[in-house]
Structure formats: structure tokens, C-alpha cells
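Two complexes are shown next, each including chain A; its partner changes from chain B in the first to chain C in the second.
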Partner chain A sequence: MILVMVRRLGEMVFVLVSISVLVFLIFFATPGADPAARLAGRGATPATLAAVRHSFGLDKPLPVQYVLMMKHLFVTQDLTSFVNPGEKVVPAVLQAVPVTLSLVFGAAIIWVIAALVVGVLAAWARDTVLDRLLMLFSLIGVSMPVFWLAEVANLITQARYHDTWLFSWVPALGYVPLSVSVVGWFKSLVIPWTVLAVTYIGLYGRVLRSNLVEAMNEDYIRTARAKGLSERQIILRHALRMSLITLVSMFGLDFGLLAGGGALLIEVVSGLPGVGELTYQALQNLDLPFIMAAVLYGAVFIVVANTVVDMLYAVIDPRAR
Partner chain B sequence: MNGETLLEVDDLRVSFRTGQGVLPIVEGVSFVVKAGEILSVVGESGSGKSLTALAIMRLITDPNAVITGSVRFRGQDLLGLPEPAMRSLRGGAIAMIFQDPMTALTPAYTVGAQIVEQIMAHRNAGRMAARTRAIDLLGAMGIASPRDIAGRYPHQLSGGMRQRVMIAMALSCDPALLIADEPTTALDVTVQAQILELILRLRGEFGSSVLLITHDMGVVAKVADRVVVMYAGAIAEAGATRALFARPAHPYTIGLLGAIPRLRGPRLVRLPAIPGAPPAPHDRPSGCGFAPRCAAATGICAAHPPLITHDGHAVACFHARAA
Partner chain C sequence: MSLTSEDGARVAAEPASGPWRAALRKLVQNRTAMAAALVLVLVVLACIAAPLYAKYVAHTDPFGSNLDGQITIGGKSVPVMQPSPTGLGMTPIGPTWRAQYFLGADNQGRDVAARMLYGGRNSLLIATGSTLICLALAGLVGVVAGFSGGIVDTVLARALDVLWAFPVYMLAISLSVVLISHGLKLGPFTLQADSLLIPVIIIGVVYVPYVARPIRGQVISLARSDFVLASRCLGVARRRILLRDIVPNVTTTLIVFAPLMMALNMLTEAALSFLSIGVQPPAASWGTIILDGEGLLYTRPMVALAPGIAIMITVVMLNFLGDGVREAFDPRAKLRVKSDR
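What follows is the complex of A and B.
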């Protein structure tokens, strides 16, 4: 078990280094484009271009350039934007990370709990009206685009019904750091959490239901019945336990994607200054240092999340050890 | 073996509602299991043996199943029993093991935990006491290091080992009746013999009656006190194993035994040695199910032969060989 974990960590480091090389090559070694011009952004002065060339060692061989770039990113952390001169990239990303993590963690807690309830209830009441209704609502949830749902939520809680007793507590769009006010943090996030969770509740609820129904036909369920266990024990202890194995790997992927910048749409619409929002701004300005940092951050997050999932997998599925 | 009736199955029928109407699978099966005896139900694949066992346990979950007749356990009608009462019988007074030990255990839990779960579902026992009992049971199954095996996961054990675990689990709450549905079919020949020895020995030690389902006349010869031969959902012949092996009366039984040289022979051959195959449930003949494969069949076999009992030996055949 320990050995598997160590090997998995080694693989993770290898993948991360490979990604950084790949990203570097895409940005610095694409034929027919001057990396200095791209780094400096649109309409840079010759002086800026010269400064960029010097700072990134663009007249030196590629491996040296790679090392210099990584130094700027991770050691001195002084990579700066040339579009908004003076703005440091790394601190900006580090500042955005807690926002994104707050958003994604909170949404994940909501969607996991709600999807468990939906999936288990539907599987328990399989082929009844309750099952059909739950699956219908889940399908609707999956089908609603998150940015649209976020806009609708804004419209209702920020504008139309903001003055009613129901939504008067909703703060203006934006993020309140946890360190400033726990209650404020919660209030600023609870609606984005819910909105982001809706799709995943539908998706996970449906997947869980079908996994459970499939598991209920397995031989070990018949054994559990023959042992005299109750239907509740059979579903929760045996069918659900086995279904969780698939669900956990799905969760790892989705969580990694969202935390890695995939929550961009909802961050932009809900006014949360997270990594996705940062990437969005950088893309609009063609701010290459920012884009590169965001891409790397996203890759790191997805790879780390996957490694964690693989390790969790070994914990919950004894056959994978 | 005090001969007291433990389980009484009377005219048990199992059918399924399908798109083409109701499809009968088990067509009126009756037998009794007495306290302390091993009754074997033998028949080719598809003859309805498993469904008979599952119907007794009320484990047929298909909502299209229609089950009629009566199943009495210690005089109590199981088919009409409320689910909670049935649940406390399952794994308690009546336990069941299955054909394929490879898939019958939940992969996520250690085998010890799965035995503990059953003990705690029926007994007012603490986890530690249940665990001690689980380990004792595994030891009683002839497992050399029961403590170690209890901590293993199913995939780490061989088929024979898993079947021992299943038997230990089944016996954990001292069942009066153990239903074993082809417990050795999925195992290697040498392991098969060990598991049969175990079942024989346990009948003595635990005093459980056994309803042993098999398609192997060799298995019947080795362990059964009495035998019920099933063909196409109905009983062809039933009686004490010795008498039935010595003087089989139904052409089907004669065919089955034809392949076996001697009762105590070193090598018992598996069935079937009869040409042809049993009919599929949807094209069973309206009369005797065996008639299409039977050398002795005549016009009268287009009617359903009644099961006639004489001296404890029952035969359903118009041309039954005289005893």
C-alpha cells in the first residue's frame, strides 16, 4: 500500500514536470512567433520588448529559457504582467486560489450530500413515481447551463426580489475572505455554491442511482438478503459502498477541473475574483504571463486531485491495493 | 435424525409474467425435509432447482414472479409471512449458500466482517463476541489460520476458501436448515470433495438439515439421505438415496444413473448420458416433460403423469419400471 502511494507520487511529479515543459514549449517555442512580442502583449514599445528579451533570456538556448521561466514562477515569483505593468502574476494567482477553493469545496459538499440523498432515494424507490420524479429533476438540473442559472440567481436575489424578506440578507456580488468574517464569507458564497452544485447534483444523482440499481442485481446483494439484513442495510452497507468506488473517481476529476479554473463561468457571473475569473481577464487582455501561470496552476490542481483520488481509490477498493 | 418434519413444500409453483403470457418454470413441486437429514434435489440445468430454493427463502425479487403453493417451516407458512418475520428467519433458522463463491461476497469488506455482520443482525452480541465466534467458525470449517483469514478480503482467497467462508457465515446463527445451491459446482474436483466432506461433517456437528441442490448424481450418492429428481420444473422421482440408486424407476433417473458404474465406484460420472437436452421453459410439452427424450414414451405420455408414491418411493411415469 505504502509502495503504491510512493509510486503514485513519483508519477505525479513526473507528470507535473512534463506539463510545465509542454506549456513552456507552447508559449516559447511555437515556430513563427516571437515570444517576446507575445509576452509583452499588444502594442508594446521596443524598450519593453528589449526588457522582456533580457529578463527571459530569449537569446539563450531553450533549456536555459525554461529554467529562467521556472525561476521567475516558483523561486523569485517576480513574473510580472506587461499589459498592466507592475502587476505581479504569482501573488495575484495565490490571492485568487482561496476564492476558487472556497467556492468549489462548498459546492462539492452540497452536491455530494444532495446527490447521495437523490441517488439512494431513487434506487430505493426504483421504478416508482418518486424515482421518476427525482430522475426528471436531476435531468433538468444537468441540462441547465451554470452561467444562465447564475444570471437567474443574480436577477432574483440581487434585483427583482432583493427587497423581500426572503433575499434581503444576500450581500452584493463579490467575495468576503474567511479571515474577515465567517458569516460574510458564507453569505457571499451560499448562492454561488448552490448554483454550481445544481448540475452536479443532477449528474451524480443519476449516476449513483444507476450504479446502485446495477449493484442490487449482484450476487453479493443476494447473499446480503440471505443473511437476513434489512433493505436499508443492504442498500447503504453493500450496494452504496460498492457504488462509491466509481463515484469517487468521478468526483476527483470534476473537483480537479473546477478547482483548476473550470469554475470560470460562475466566477465571472457571480463576481468572485477566483482563478477562473483571473484567467478570463488575462485571456481578454492577451496577458501571456497570467495565462501561462493560470494554465500551470490548473494543470497542477487537476494532477494533484487525480493523485489524491487514486490514493483514495486504494483505500476504498481493497482490490485496487 | 429424529425424523420430525422441518420443512414441508407443497405444490410449489413459480411462474413469470412475460410479454407472451405467464411462463411456468416450477410446476408443482412437493417434498419434505426432516430434521437432521440431507435431502438432495438433483436435475439438469434449467429444471427449476434454484428457483425452488429461492422461493423457499422468499428471495425471488423479480416483480413479475408469481409464486403459489405452500412452504411450511416448523409448521409456519413462509409464503404468507410478513417480511420482517421472514427476514429474521433468513440467515437465522434458514441459511443459504450459493453456487458461485467468487461473486457471493461483497468485495469491499473483509470476510470476517461479513460473518460478524450476520451474527450481529440476528444475535444480541457485541462486536468482539461476534468476531470471536466468526473466527471459531472459520476454524471449524477446517481453515488453518482462521484469525488471519478473517482479516482477508474475498479477492485474496481461493474459491474453495470462499465457499468455506460462505458456509461458516451460513452456520453462524445455528440454522435448523441449510440450503446449498450447487455449492461445489464452481470448484475444482479436489476442492469439491473437501466441501462435501465438510457439509457431511457439519450436519453431525451443527445438527442442521441440509437441502442440497446439485446436478451431479455423484454428489447425491456421496452425501444425500434422500433424493428428489427434478425434470422440466416437476418431480420425476423421489425416494431414499439407496433405494433410488438400487432400483431407479423413472426412465430419466435410469438414464442419469446409467452413466454411473457402481454406487461405491471410484469414479462417478456426471450427467447427462441421455441423448438430447431438456426443453426450454417456453416449449415444454403439455404432458410428461421427459417424453420427447424418452425411449419408453407412448401415446399416453401426452398426458401429465401423476406422482405416485409407494413405500416412500415416488415416481411420475406411466411406464415406471416395476420395483
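What follows is the complex of A and C.
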């Protein structure tokens, strides 16, 4: 058991180092232009370029540059933006983390519950009209660009139907910290939560249904039937349990991806000042140091989250050891 | 409908090999998949006809701004850009539901319907191009890793693991922002910063692990299978085993992946373009038109709504087609593409 844990941690370190090298190479060694010009943003003055060269040690060999970069990012945490001079990148990213986590947590609760309902209902009513409808809606949910859906939600709740009883409670776009007002926090996030959850409800609902339907042909289900259990008991007690294993690992991956920056698009459209929003601002200004920091911190979060999920998995399911 | 299936059946009857023929026949008999294919063909044809639409129907240049333009509606001359009801700035004309400005104008007075067709070309081109790149690379990496084994396999499998752990959007954003800021120069090979090839290559590359990992697994299990063992016992050369036993099986897998990856790529392209690191102006794609419409969302929602609906329809149809292809070519449904957004 301990050996498994140590091996997983070793793998995690390997992946983290590889990813940081990859990101470093993308930003510092892509052929085509002077990395200083890239890092400094559009229309930088010669003085800024010189400052960038000095700050990142661009006259030194690549391995030295890599070590310097990692030191700026993780040890001294004093990486600064050249587009907005003086802005420290790492604290700005860390400050935005609670917003992103609030968004992803709430959406995850919604999508897990709704996907369970959709998947179980569709499997229970398999090959009926209800099943077909649920699967059609799930497919549509998976096929919509999430930022577009967020715009549609804005259009409905902020403009077209904002003056009706249905959506008059929706506050203007923005974020209310949990520490300021719990109700305000909840209200400001309900719509973004729902929008973000739609894709995953569709995805998880489809996977859960097909897992359940597959499980229904297994021997242990036949045994359960032979014992005279009701269809409901068979699905909820026996088939669902096995089918959830795939979903748990999918969930770990998706949650990590969203929290590590995947929620970027919806943060932008819903006006939530999370890590994704910051990254978007940096993209508009081509503020590369900022993007690099956001990407690396996101990647670290994802890799660590995956390792934790993997380890939990090994604890829960002996076959995974 | 019946016309398409009959037509398709004739095409299907030509190839001589058994399983392919059976799979194609099964696909052609799948009504949902064929209906989806028909819709996709119509979308492609409409986008191909974009210049004809712009020239002969809308009489407009979809890439030049037209802020002082006038059009005639019901005998009256109406400006394309009208004073905003709030008194601040100008509001483009809304949908006229006529030949000119069918879906209205964007904030530069350009015909949204004409731009939709041109944008659809880029969206479809990028989705198709990146799918081809992705499948080719993934097939190559998966087969080489799985078939050679040893150190080659270890290195490639490790590289795939790392890329797999890297969040797709973050990787795509990093690559895009670096390439779009200054282009790429690699020896004799130069890419301009506004080249369409940049999103094609980036989207193609970032999804390689999604396809290469299952391919590698399949190749490894094929290499250990009884029929390959039998060939080896008969002294068949490795090259021949690769070409006759491995490659045809992998090709089937790649075909199953193709429509599903194309759906995923189309959504990724839209996202990158919406973040302004995909298709660069003045060129359009469905993603950039949604971005154009963002500022007009409350006054002229059609600018953002129409391209989103176009993406949704195309992606739903690709998924329907993909389900049909999977059922036909991979009846035991071993593969599942995990979408993530």
C-alpha cells in the first residue's frame, strides 16, 4: 500500500517537472521571434526589452533560464508583468482562486446530482421515448459551446426576461465573496453554476446510462433478478454501484481541469473575477508571463488533484492497486 | 432520405473486403446517421457557396466595414448603422429577413449572414484539418509505440502521459498566444501570425494523446492476439504483420474517432477564436462572430445567437454520425471519446 503511494507520488513529481519544462520551452524557446519581445507584450520599448532580458536571464543558457523562471514562480513568487508594470503575477493568481473554486464546486454539485437522475432515469426507461428524449437533450448539452450558452443565459436573465418574476432576483453580473454575504454569493453564482453544469450533465448522463445498460447484462444482475429483487433495487443497489467507478475517475479529472483554468470561458462571459478571467485579460494584452504563471499553477493543481484521486481510488478499490 | 440511403448503398457495394462492406452497409441503414450526414452535407454546401451568396444575394463585402451604408427596405432607404436608442453610439441594423442583411449587421456594418457562411468555411476547415492531423499523428505514435515496444514505447507512452495530464485548453492557449504574437519560423518553414494553419496545427496536436493512448493499447493487445501469434509462428515478416494485421484494425478505430474528434475540434476552435487566439480578423469563424456579437448581445442578440446555433447543429450532427459510425465499425463499443470543456 505504502509502496503504491510512493510510486504515485514519484509519478506526480515526474509529470510536474515535465509539464513545467514543456511550458517553459513553449514560452522561451519557440522559434520565430526574440523571447524578450514575446514576453514584453506588444509595442514594448527598448528599455522594457532590456528589463525583460535581465529579469529572465535571457542571455544565459536555457537550463539556467528555466531555473530562474521556476524560482520567480514558486520560490520568491515575484514574477512581474511587463504589460502592467509592477503587478505581481503570483499573488494576483492566488487571490482569484476562491472565485474559481466557488464556481466549480457549485457546478459540480449540480452536475453530479442531475447526471445521476438523468442517467438512472434513462437506463430505467431504456429504449422508450423518455430515454430517447433524455439522451437527445444530453447530446445537445454536450454540443453547445459553453461560452455561448453563458451568453444566452445572460440575454435571458439579464435583459429579455429580467423584469419578469422568474429572473428579477438575478443580480447584475459579478461576484460577491462568501465572506461578504452568503445569500449574495449564492445569487451571483446560481446562473453560472447551472450553465457550467449543463455540458457535464449531458456528458455524465450519457456515460452513466451506457454503463448502466451494459451492467444490466452482467451475471451478477441476473443473480439479483433471480433473487427476486425489484427493478429499482437492481438498478440503484447493484448496477449503479459498479457504474459509478468510471464516473468517479472522470469526475476527478474534470473537476481538476475546471478548477485549474478550464472554467475560463464561463468566467469571462459571466463576469466572475477568477483565475480564468485574469488569464483572459492577460490574453487580450498578450501578457505572456501572466499566462505562463496561470497555466503552470493550473497544471500543478490538476496534477496534484489527479494524484489525490488516484490514491483515494487505490484505497477504495483493491483492484486498482 | 431514401434517396441518400440508396445512393450510399451503391457506394457501399463497391469495396470488396468483407467487414468493411458490412460496416458500411450497417452505417447506411442507420437512419439517424444518414440524416445527420445529409444535414452536414447541406451545411458544407452552404458554406462553399459563401462567395455566391455575398455577391449575388446579399450584394455586400463581408470583410469590409460599411458604416455609412444604406439599404432599401419596402421602398424606403434605411441606414445600416442607426443612432442607438440610448443616444450613445450607433446600433447596427437588426435582422431584415430579406436578401440584404438577412441576420442584420455587426458593429462594423457587415452582413452577418454572409459572414456566417464565410466563417463556417473556416470553422469546418479547421475542424477537418485538425482532425486529420490529430488522427495521423495519433495513429503514427500509437502504432510505433505499441508495435516497437521497449525503450521507444516507454518514451512515447511517458510523453503521452505528460500531455494527457496537461489541461487541453491551457496547452492550446499557451501555444496559440506564443504563435499568434509573433508567428513561427522553423528553418525554411514560416507561419504568419494570422495563418489559419496555426489553429489547425494546435488543435490537432493537443488532442493527440486522447486518440494515441487507446490506439497504443489496441496495438499492444493486437500484437499479443492469437492470430498475430499464429502469423509469427508461420514465420511471417514483422512488416507484413504490421501492414496486414495491425494497420487495418487501427484504421477502423481511427474512422470511429474521426467524427467525434471533429465535433470536439469544432468546439475547441470556437473557444479559441472567442478568446481571440484562434482565427484572426478580418477572417471570420463561427467563434469570432460570437465574439463580435458579445458587445451587441442585449441590442442585437442575433449576431451572437446565429453562429452558436450553427455550431450546435453541426456538432450534434457530427455526434449522431459518430454514434452511427461507432455502432457500424465497432459494435462492441470499446471506444468512448471523452469530451472536456
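What we mean here is this: the second predicted complex is superposed on the first by the 313 of 321 C-alpha atoms of A that agree within 3 Å, B and C clash if a C-alpha of one lies under 4 Å from a C-alpha of the other, contacts with A are read in each partner's own complex, and residues count from 1 in each chain.
Keep in mind that, in the parts below, contacts are C-beta pairs under 8 Å (C-beta built on N, C-alpha and C of every residue); 3 or more make two chains touch, one makes a residue touch a chain.
Note that the structure is predicted; figures quoted are calculated from it, not measured.
The superposition on chain A brings chain B alongside chain C with room for both. Legend: residue contacts after superposition of the two complexes on their common chain; A:P145 is shown touching chain C, with no touch to chain B.
With both complexes superposed, C is the one of chain B and chain C in contact with more chain A residues. Once the two complexes are laid over each other on the shared chain, residue contacts for A:A153 go to neither chain B nor chain C. Looking at the shared chain after the overlay, A:G298 reaches chain C, while chain B stays out of its contact range. Touch criterion not met for A:L240: it reaches neither chain B nor chain C. Judged by the touch definition given at the top, the superposed model places A:A37 against chain C, while chain B stays out of reach. Contacts of A:L257 after superposition: chain C is touched, whereas chain B is not reached.
Minimum C-alpha separation, chain B to chain C, in the superposed model: 16 Å. Chain A residues in contact with chain B (one complex) as well as with chain C (other complex) do not exist. Listing the residues of chain C that touch chain A in their complex gives 158, 161-162, 165-170, 173-175, 177-186, 190-191, 263, 267, 270-271, 274-277, 287, 290, 293-294, 297-298, 301, 304-305, 307-308, 311-312, 315-316, 319-320, 333, 336, 338-341.
On chain A, the positions that touch chain C within their shared complex are 14-15, 18-19, 22-23, 26-27, 30-33, 37-38, 42, 139-140, 142-149, 151-152, 154-155, 158-159, 199, 203, 207, 210, 250, 253-254, 256-257, 260-262, 264-265, 268-269, 279-280, 283-284, 286, 288, 291-292, 294-295, 298-299, 302-303, 306.
Note for the complex: chain B touches chain A at residues 57, 59, 61, 87-92, 95-96, 98, 100, 103-109, 117-118, 121-122, 153, 155, 166, 169.
Listed in rising order, the residues of chain A touching chain B in the complex are 218-220, 222-230, 233, 237-238, 241-242, 245, 316-319.
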